[in-house]
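Here come two complexes built around chain A, the first alongside chain B, the second alongside chain C.
Moving on, here comes the complex of A and B:
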């Protein structure tokens, strides 16, 4: 099984490296220079590593959430929207609630998780009441979320920034108070470890244990693999997978709050605050085959590509080449699994 | 000299890890005979047939078709060689119509009128009345079996394999099936392999019979020269009481039934549900087996769904051991001690991607876990005990169930009285624990 699955993977990973190189060469760039830029920008020095780890935190949160829902059989692909809803709720809580001291940060994170969790759970509800496909509804809810955030930051009585003098107000919220921001955990020369990373690592471990060691995880996995058998074994499948979907949304929402409160953003709610973290996090989970612990290295890899991507432009190679690499990598890991499943089925 | 047999298997051997599924199996199949293949689950029948269909490749041994040695690399090639199988679990597409299902898998353009006419002609020829435009999803099990059979016969196979074809059929439907098979063999000179657990079927329908046990052929005989008792003995490997141990056709007076106690283990009062259940009252006492008899579609499925906790009835109550059960709570019936053997075990009984051990403890997760955590050591110990108790042969209990040979290993050799209906280990265990079994059959 493993042997037959390995070679296609190796071949496609090779393709993931070679194809972009060809693309670069064809468009007149230097593949070597591009690779150097990627590595330099992602891992080159303490600043680059710091940037990579900043990206890794929200990616990881989204990915472990995706593991939960996918394992339960509810395929959530609306993380991008859930990230936005999380950021929206987090911003609202951070700007409007009068919670004293650093406790406000906790409130921001929890508000984001709660709002996005309920948001995702709506899809489970629609599925239960009207049989709406979960993948479709979570995806479509993303567009709704984008509209909501855009509305909130352009509407003065909602979250749009306060007007100062005659300056026009931009479509963004006020800056979050400093006590709600995710602090840096010490600066050993140049290297910054953000609190957000610690939070997401902790949650990844927690989810890993929950999925693999607890009754909840066992029942969730069973519901995902064979709902009929799970029902026969007394598992309330709809409730279990609905909860998994909510957890998945909650973690994506928390990723939104992390984006909002970390140096990755201007600490203001903006329509593009999610910076595709939701989509990428979903890919991370796919590559990690829904195993929470495996999402950690994969999230770091994707974060490296992201951090390095901004350095690409300097070599004359468009930075969206990184997206091509990510897509090919995902294919490399997902395609063999799908092909194998087909052979088993035949 | 006699003509070459339609099919001859010579020394077929197949291993899965340390488990030998087929061990030097020889089998000769003549044209114009119905050949019974008998054996317990895990005896190697299914593996052998999978090899014939090109779904598995033998480790050693050869297959001759009409005297020529052939290699069967895949299902397409098996079809080209004229080997076709009616699967135990129907391989039909529910939303498609009958003729569409029959056509499925043939290459070339689809010609609706010709296909419909072909189905009608074949249906007429074999006496398998069926509406070619009916949606398969709306058909009963017996009708689906007809479609499945037509699908095979339309490909004009020289060798037709039927894997436990009667497991979902009523007696009348089974009789009809065997009439068709007789015609196929006598008039068209095809060879038929009939795989079955039901000894009565084997002795009345087949011409010759081969019995397999633990991957080997242990008996090969003209059916006329053998008896049910001999077949049962060879199949299990020891002297058995017919009916009680092998789970064959129930017979009056088989074994001494323990006296039923007065206590009601299961009491159904006024159960009403759609479709088919209207004010059903039923009492099952400890120590007794209650059969529900009736043609398919008369509420058995609704009753099964309710007792499995899959649906909540419109009205009525279920009491287990005298205590009413809240049917709206998931798992309440199971917790109350009611075990259910689902009708379709692959679909509803097991999770193929979980390990053998996990499947064994699935319905009683509470036994191997605390409030929150699953205790892996307790889980393995419990699974090991169950596997030993029921003789489950798997290389490792950590193997995903999917990798077991044809799933044959999964079923217990001879649990009390229930093996025909109770193939899933987990469920039989649950039944044994609850001491009360209720299953709808038709």
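Moving on, here comes the complex of A and C:
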């Protein structure tokens, strides 16, 4: 680390703690009460922990996917849109396909992953054909995805809910059939562990092994670290990073299906179903420095902040404070990681 | 005046009002991107300036002071982006997205705890010209900051295309290694470009708040920064076409708002997504790709 490398990160971490407290104090609240509310709402009792873990599942999926694409050198920042595309495809499959029994849940998850994977892969295709920046195209396609979902839920012949009597149809889809919903695994008094968490933990472990212990993961990391060297070693860099991008999109899409089928939503496709999980999941991966196993604790931390955030309002502190904390934390963790590799900047 | 002319006048007026904040910010983004920074934090610059302008206008009682505060806040965000990405070499997209999240959280928090009320700068209309049919009201009856564009657009163009500083700036964006060899301080130039970008995007955001709307609401810019990025791409990194893109996007938005009231059905989703579609198509289909600054979004550091 260079001599000047340490102080900025220390300063930013301090700011991540001090600035929010200062904000609360200046606007007439009590920082201690706010912190208590955050902890209570996120970890205080079984209900709070259940809520936190509900948020953790989709966050983890998005973050693990982001690790894949970032490691391969294809920087995907369009997770928010991929979550939406996943939810859209999941809703279409769940409402339209006549698959018997609980197999429909599997179909919903896979349809979401497939659609969002293809959606993300389009960016890789545009990059390959015309050299379009992957970060730019994934970002722009997020806004297309938002409008696509809005279009689907306001168009009667697509996914808008069917009208009941004289009631006007709202911009949302019908409710998903009960057999497609993610069930709760056992409820020991109050504590509910959702099936979604089990799915995403399993996938996180799988991706961790695949990235660190398989040929695929090695080639992917190689393509990201030094594309020229990888090409010389016979790695088809474009194909490898294209696949990584598709995997990252697929996992974000699956997060969309998890949101749709878990108690976090009304189990209807709505334009705001993604509730910023895509953006947050990207931040989780950044803090975890693209290591899949590290994303697990970070995702739980972010989920705690989310669940606790809704309890902040009771102390008179707007829950937007949580967004400030998340952004500052990310800055604190991102800056020093890169500063260590700092070259002699002109 | 016929009914059609009145409708046209309404749509044009609203189109220009929607395009003006984009045009200010697009001038800034154009400077930053020509220096090689793909600056996603333009949204943060606009949003912080929009909030700051209303807050300062409330404190001082002067909307003009608010406008200036907006410019300063934009510069501050630009300085932060510059320090992080061109001093400490953090990925520019990461910096942009985090700054956007930070500013969105901060401004949402502050607007919830405080209520700065309404503040708006004066309207200025050009005598004589304002009475022109159809074009008179849209072009010559505006909040006064709009007319700053008449000076700022040529300034941005001259800075980049004709000044010595701009020549170095373009060299930095095109081939930083070569620029470095000739003794240009690459990262310094990029930071300076971001300060210009911050000032102009800040002016755009402040104009949106104290100029057009007169108040601030949560997430007021609502993705306008991303529209600006789309406009610069659509314009092929040339100022004239970028501004044409802004005008087009503003008009599309105006059509979306006006047509339903006039009894036409429109596909609002298509009109909202048109700018992003056009930007993607521009990158895919036209030769604009060759006009893209060679080192766009690539960090620069000498080999150790």
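By our rule, the second predicted complex is superposed on the first by the 329 of 346 C-alpha atoms of A that agree within 3 Å, B and C clash if a C-alpha of one lies under 4 Å from a C-alpha of the other, contacts with A are read in each partner's own complex, and residues count from 1 in each chain.
Methods note: contacts are C-beta pairs under 8 Å (C-beta built on N, C-alpha and C of every residue); 3 or more make two chains touch, one makes a residue touch a chain.
Being a predicted model, the structure only gives us computed values, none of them experimental.
Following the overlay on chain A, a clash is recorded for the pair chain B and chain C.
In the superposition on chain A, A:228 makes contact with chain B only, while chain C stays out of contact range. In the superposition on chain A, contact is made by A:214 with chain B only, not with chain C. When the shared chain is aligned, no partner comes close enough to touch A:74: not chain B, not chain C. By the touch criterion defined above, A:284 lies against neither chain B nor chain C after alignment on the C-alpha atoms of chain A.
With both structures placed on the common chain, the touch criterion links A:133 to chain C but leaves chain B unconnected. Counting the residues of chain A that each partner touches, chain B and chain C differ, and the larger count belongs to C. Touch criterion met: A:236 reaches chain B, while chain C stays clear of it.
After superposition on chain A, the stretch of chain B that runs into chain C among 94-102, 166-174 or 418-426 is 94-102. In the superposition on chain A, chain A positions 344, 346 are in contact with chain B in one complex as well as with chain C in the other. Taken together, the chain B residues at the contact with chain A in this complex read 75, 308-310, 330-335, 340, 342, 347-354, 358, 362-363, 365-366, 369, 372-374, 376, 402-403, 426-427. Against chain B, the residues of chain A that register as touching in their complex are 1, 213-219, 221-222, 225-226, 228-236, 239, 344, 346.
Interface of chain C with chain A (complex): residues 38, 40, 84, 86-91, 93-94, 97-99, 101-102, 104-106, 108-110, 112-114, 180, 185-188, 223, 226, 229-230, 233, 267, 269-270, 272-273, 276-277, 279-280, 283-284, 289, 296-297, 300-304.
Chain A makes touch with chain C in their complex at residues 8, 23, 27-28, 75, 77, 126, 129-133, 135-137, 139-141, 143-144, 146-148, 150-151, 154, 279, 282-283, 286, 318, 320-324, 326-328, 330-331, 334-335, 338-339, 341-346.
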